[in-house]
Amino acid sequence: MTDLVPLSRTQMASRAAQDIEEGWYVNLGIGIPTLIADHIPNGREVVLHSENGILGMGPAPAAADADPWLINAGKQQVTLLHGGSFFHHADSFAMIRGGHLDLCVLGAFEVARNGDLANWATSAADSAPAVGGAMDLAVGARRIWVVTEHTTKDGAPKLVERCAYPLTALGAVSRIYTNLAVVDVTADGFEVIERAPGVTREALQARTGAPLRFRETAHD
Amino acid sequence: MIDKIVPDLSAALSGVSDGATVMVGGFGAVGQPDALIEALIDQGARDLTVIANNAGTGHTGLARLMEAGRVRRIICSFPRSAGSVVFEALFKAGHIALEIVPQGTLAERIRAAGAGVGAFFTPTGYGTRLAEGKETREIDGKHYVMEYALHADLALVEAWQADRWGNLTYRRSGRNFNPIMASAATLTVAQTQHLAELGTLDPESVVTPGIFVDRVVHVPYGDPKG
Amino acid sequence: MTDLVPLSRTQMASRAAQDIEEGWYVNLGIGIPTLIADHIPNGREVVLHSENGILGMGPAPAAADADPWLINAGKQQVTLLHGGSFFHHADSFAMIRGGHLDLCVLGAFEVARNGDLANWATSAADSAPAVGGAMDLAVGARRIWVVTEHTTKDGAPKLVERCAYPLTALGAVSRIYTNLAVVDVTADGFEVIERAPGVTREALQARTGAPLRFRETAHD
Amino acid sequence: MIDKIVPDLSAALSGVSDGATVMVGGFGAVGQPDALIEALIDQGARDLTVIANNAGTGHTGLARLMEAGRVRRIICSFPRSAGSVVFEALFKAGHIALEIVPQGTLAERIRAAGAGVGAFFTPTGYGTRLAEGKETREIDGKHYVMEYALHADLALVEAWQADRWGNLTYRRSGRNFNPIMASAATLTVAQTQHLAELGTLDPESVVTPGIFVDRVVHVPYGDPKG
């Protein structure tokens, strides 16, 4: 039995990146999801979308190529790949809401076993939360994946029976990549398909707020 | 590598099913995907619903598709153009169903489908025969009619330039319904006059980003007919 | 007393053109309204819109400049002025429906004294009428003018108490240019502001299906 | 001759009234009409409602307008960016009202106003706190929330190029909310980096046709700040 070795943020991003297929149109949320762009396997062509009107986003520019006119939704400077294009905000969200993105990867405060997502307001008492494009992305993309630590800093589960935080969207999430596991959201709730090194079924269940089923073939 | 360019018209339309709803771009002869319409005739799908601004003229293109008995229903704004003889005869004989939609409502319903908007309130048609039976609403003292998004299984569009990602440009008044139809179908196929190397289309001037396009076929078709 | 001299189609178009102001964005319907473009006074800059995605439409091309890619809503070849632009159909009707056109000039089968317009279906029994953009234009432009013969070929009035033909839009029309008169549609009904040469008040009223008031200063 | 170009920022904002609703383009610092915002501060109109994606950062631009007590209410999607200190303080003190709108709903409401659509049904926000009290509708098995068009008295936009007819282009991600806001206001004012002779902008690449623009002011402002 090995020690429990949680994945780093980079490892989580890298793990999720492996499952993104050639030709997908993908929006990557702020935080760990943004890191995914750097880990898409070489030679696999994926088209990145940014809410502020960009398709075909490339990596951060080298200092010499910095372009203050080209930023992503996180307000970081980016580049544009060959084949990229610009459009306005209504057209950008038409792409999102109209079901044209194959995938959106978001962060989360909580994901419920029915796929409900809470990722925008930290409490019901927060009177000025910043929602941004999260609600549009969560209802619009064909697949919503979440990348997040498995628990809060205090050790509270983020995969839960029912979200306590204000919801972003109902039944939106289909897969969760955490620092401990990869979990599918199914009609029957959470189904683990992969565990990080040294993570036992028992340890994972202990850190999760709803029952887990295990589809993975990995040894304990 | 993403490559949406298919080798020929037959590949462009493979898999189209009987009963499909098909959007056809163009206004007049300009921006009309003639080669794809001909290919659809060859492809054989039957019992089609066609969404287009017009109902075809003469005995070619859309009119020939209808004449071949392949169109069950047409949704359009202007079925009676000069020369819409095939439609007229079929309609009179009760062999084709018609839904008349004001041109702007048609465009907006198509755009709504592409944009994930389920329905919207337009002032167009309020108090007229075309609003009969439809839900209405008064908003800030103005009267509106509720109209639903209009999806399609297949959109046929005509582009001026296209690259392997499916980015499209159009030529002058050839733009018309093409960009919104490209966004509103499960399968969008573009015939293009020119193929462009990836990266040669100005990203500020791409009209239809490739996200909306599934297949591109190169048809150097020359000027619009008619 | 002079003989009644109805205006020709060209004269009606020319008369309406005089009232179009510098800087207006204008859509001209099929038929007589299209002729207006040729009669806008020299030096008065007016921007013509066409439903199929054109602003800044110019006159028909000389044969050598014919461009089959550039047609107007009536499917006639046109030209594009400096400052013109192209856009798609949803954007074009956004301009129309969103109240951005200063003026649309349409033909009519009938105009009622309350401004109701009937110009798309020739009878309630017509089961496949072609509506095109008429309903959008009639509700969308800031002003709707009608240019039409004062009566049908059979002599029946086209300015009426109430439309018998299927309506295009309610209360839309604000002014009518006929071959006999210029008539405003007011809260109190039809108000004549100008008569063609030799058209007496009595002759005009006899050819009109609703009461006329006379604001014009022209002599009889 | 149509000439929408005005000589200076003061002329650009003449006639703006107290109580006006003002749309401000931009996403982050890119495409944000900084000079027009400063001019609005100088112009003096009070009791404003601001529609923008963000609620300002630092103590310049929109934040300074708010700090000067001129903004009664803000409608935005993301009030809390890094450095939104002025908004935070005013909001906490109850000196500014806030309406939070999901970013795509905000964009679509603005677009609807420009397009003459009174209201529409969007799936965004269904079942969440932001849909509380709003009408909902099930269409083809999917749940939607009804949202109304969002008009403004004044739109401030930043363009890259403009001509005397008011045709505009934008630069890269500077496009964002600018084109839709330009279409949704009674008075639309554009600051532009470059003036272009009429006829030199490619008619295929004009993003905002001049019909949506009332005044253009030339401000060679350089790169976005921040």
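Structure notes:
Order as written gives the chain letters A, B, C and D; numbering starts at 1 within each chain.
Rule of thumb we're sticking to: a contact is a pair of C-beta atoms (placed from the backbone, for glycine too) under 8 Å apart; a residue touches a chain by one contact, two chains touch by 3 or more.
Since we're looking at a predicted model, the values are computed, not measured.
A comparison of the A-D and A-B interfaces places the larger number of contacting C-beta pairs at A-D. A separation of 29 Å divides the Cα centre of chain A from that of chain D. Inter-chain spacing, taken between the CA centroids of chain A and chain B, is 35 Å. Centre-to-centre spacing of chain B and chain D amounts to 33 Å, using the average Cα coordinate of each chain.
With centres defined as mean CA coordinates, chain C is found 56 Å away from chain A.
Residue positions 80, 86-87, 90, 93, 96-97, 140 of chain C each touch two or more of the other chains.
Chain D has residues 108, 111, 115-117, 122-123, 170-172, 203-204, 207 in contact with two or more other chains.
Annotation, chain-chain contacts: A-B, A-D, B-C, B-D, C-D (touch as defined at the top). Residues 27-30, 77-81, 87-88, 91, 98, 100-105, 107-108, 110-111, 122-130, 143, 170-180, 207, 223-224 of chain B touch chain C in their complex. Residue ranges on chain D touching chain C, taken from their complex, read 1-2, 111, 113-117, 163-165, 167, 183, 198-199, 201, 203-204, 206, 209-212.
Chain A contributes residues 50-54, 67-73, 75, 80, 86-90, 92-93, 96-97, 121, 124, 127-136, 139-140, 166-170 to its touches with chain D in the complex.
Interface residues of chain A facing chain B in the complex, by the touch rule stated above, are 22-23, 25, 45, 47, 49, 55-56, 80, 82-87, 90, 93-101, 139-140. By the touch rule above, chain B contacts chain D in their complex via residues 108, 112, 115-123, 137, 139-140, 142, 144, 148-149, 169-172, 202-205, 207.
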